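Reviewing the structure listed below.
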């Protein structure tokens, strides 16, 4: 586990590239919840060959893009409390019904950020252990969605691996992550370890192992 | 406990009289569920000094009277599956929401028939122990409504007391009944026994004791 | 590509149904009862079904007809007694059909729980009665409750009033009843609707069952009215 | 005599509120937040309140202002962190306000459970996390769940869009959020609505919160918009 700055030639995928890889893995007619932040990019990369329906846990199914400045309505917001729109065929519901969709396994995919993901699919993404603890809907999403995808940088800002043998931060869920998309690779969580589905064209599997805790294999 | 036929002069209250006694005990602005059969009469005896809202457990709040022949809609029925109407300010909901109203203690009064009521407020009104068992919403109503009133003849068709020390039939609920309205008396369930609130003007308390199992007192 | 859950043939609606399946059937009495889908299930011929419904059918129409065809092994319901419930009565009296009686509110909540990812909940309903026998008890704030488990199903047959191609449903009056929670609880909810509309015609504030809970939709614009069908002596098939 | 839950004074709405009360506050962020009722609660002056809400307020408006007035002993919420959440942050960092963190879906379901007479339910949410510590575990079908208890309240402060005199409520877009379940769970739900209508104007198919869950209603036709108020530097009182 050596921290090593990548050269320009070895630069990881841009966020848009990661987002488009996720977008391609979401099947037609899926119901999807995109976490606040980086995962929101995914919706911009969905191809015309499929229709995806976006769920926002604050009671909105069929969420559309950000409104124009003059169309902003503070009563129509997403889970990140930012103004959004609703598409034809969308609907509103109350919070208990919205989380029935999540907890009941009706959301096909959720895409979330991560601080740490462990080899057995544990996810830590809600608390650094410091400051005011605030969980929002993250624990419900990872426990309830049929498939939990993680979208994250491979390393922390300090250059530490986010893919680890065992999480050290407070967990969001245990054994919940199925696939991780980073700037370095697409990785499945399996019983044998981190299985590399796709690796950044600039990187070797040996290098990936050095920036990942726990066994990486192809 | 001797069976004794009442003479004409001693006749018990008519059903309409019992219903009007119950109607007078329902306070203004109450939410009320009336059981199928005799309890349905109560709504015809509500005075103008109060507004009562009727709940039907099949998802109807604000139930109105029976429709005219030409207004019958088989999609607008009550819990007894008979055509009804809805009043202005009424609303429809699904079954889980409807029973949230019941189980959650939002129904102020329910009025039900009885086969047996015991001294501690146990109610048996769903099964004779024979035939196809069918409970409907009775167990939910007695467990959930704030006040459970029973409207019944004092004696069975065979002349046996319905107010008993201990129910012999399968229970609908245990310790749930607060007041019983019969053709002979209005009786509260108390720790000391059946407390007579009002007795039929033709009957003595001594007579009432002979047709009631368990202690009757005033 | 657009999402489109609309089918044109009842056989297509029921194509995944299998012998031994657990099937929820919406409706309270006849209101909201998906008679055409039930007749489709007779044509389909699946056997050994477990039916979850409030009632057990009337006459030889809809659920009554399905039971009459001996396709049903077990009924889970709150009220299996009815003057016109001839097919269930006959089989029950001969010991040829099983019955699980569930209080109506507990039935609705067990179905909602299944759809909401709640494996079990506590309720005061039925405490101290024969229907509590064998159930775990627990005291909360000095009051006794029993544990009731979620009721899942493979399929739900549901009648709604209006839908768009996503399956955003509205219902008519008390024909709503169990239909919305059954849509939530079944792996596949199969909906017959009176009328199809375009998505832009759906008012997002008034959707009762959002499309996420709906698998397939078919338009049946003039559905059979059970009371009339029985009066007219209808026998299906 | 007619049922009429409409009041004309905010003080009348809050007349039964007492020191130490548990109060649910509707809204998700600012959408559906009953700012005028919260300001009324500041004027009322009740102390040692326990607040159940999704968030912990922004700026010195609404819930943020109430917390700033030191009327709140404890907040039960899913997300108490926010750039503008100055009053909560300050008290929390000084150890002068308690916080119970509840996952958002568990929060919504615990509130619904209270309103539905369900003292507790099992959920997979938070299993294996710090928020499961001390909670009863049980396995259903090989999967681990924890027991979560109902969350009751004395009062709910709620913002709705339209109501009639019975309290049949509709909401606007995502301002619906926690409001309907809070109306179910509180002993008294106190509603501010943008617009009052006559009962015959209420469409019985489209009511979101039926009047049975509503105690008092007041019309506030032009409510404060939190974002704008904070931008304009509003400080209440």
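A, B, C and D are the chain letters, set down in written order, and residue numbers restart from 1 in every chain.
Everything below uses one rule, namely that contacts are C-beta pairs under 8 Å (C-beta built on N, C-alpha and C of every residue); 3 or more make two chains touch, one makes a residue touch a chain.
Please read all numbers here as calculations on a predicted model, not as lab measurements.
Trainee: If you take the chains that touch chain A and keep only those that also touch chain C, what is left?
Mentor: D
Trainee: How many angstrom lie between the CA centroids of chain A and chain B, rounded to a whole number?
Mentor: Inter-chain centre distance comes to 56 Å.
Trainee: Averaging only over C-alpha atoms, locate the centres of chain B and chain C and give their separation in whole Å.
Mentor: 30
Trainee: If you average the CA atoms of chain C and of chain D, how many Å lie between those two points?
Mentor: Computed from C-alpha means, the inter-chain centre distance equals 34 Å.
Trainee: Could you check chain C for residues that touch two or more other chains and list them?
Mentor: Residues 109, 112, 116-118, 123-124, 171-173, 204-205 of chain C touch two or more partner chains.
Trainee: Listing for chain B: what residues touch at least two other chains?
Mentor: 86, 92-93, 96, 99, 102-103, 143-144 - these are the residues of chain B that touch more than one other chain.
Trainee: When you check every pair of chains, which ones turn out to touch?
Mentor: Chain-chain contacts present: A-C, A-D, B-C, B-D, C-D.
Trainee: Which residues of chain D touch chain A in the complex?
Mentor: Touching chain A from chain D are residues 28-32, 54, 78-81, 88-89, 92, 99, 101-109, 111-112, 123-131, 171-181, 208, 225-227.
Trainee: Within their complex, state which residues of chain A touch chain D.
Mentor: These residues of chain A touch chain D: 56-60, 73-78, 81, 86, 92-96, 98-99, 102-103, 122, 127, 131-140, 143-144, 170-175.
Trainee: Using the touch definition up top, name the residues of chain C that touch chain D in the complex.
Mentor: Per the stated touch rule, the residues are 109, 113, 116-124, 138, 140-141, 143, 145, 149, 170-173, 204-206.
Trainee: Please give the residue numbers of chain A that touch chain C in the complex, ascending.
Mentor: 28-29, 31, 48-51, 53, 55, 61-62, 86, 88-93, 96, 99-107, 143-144
Trainee: Report the residues of chain C in contact with chain A in the complex, numbered from low to high.
Mentor: 1-3, 112, 114-118, 164-166, 168, 184, 198-200, 202, 204-205, 207, 210-213
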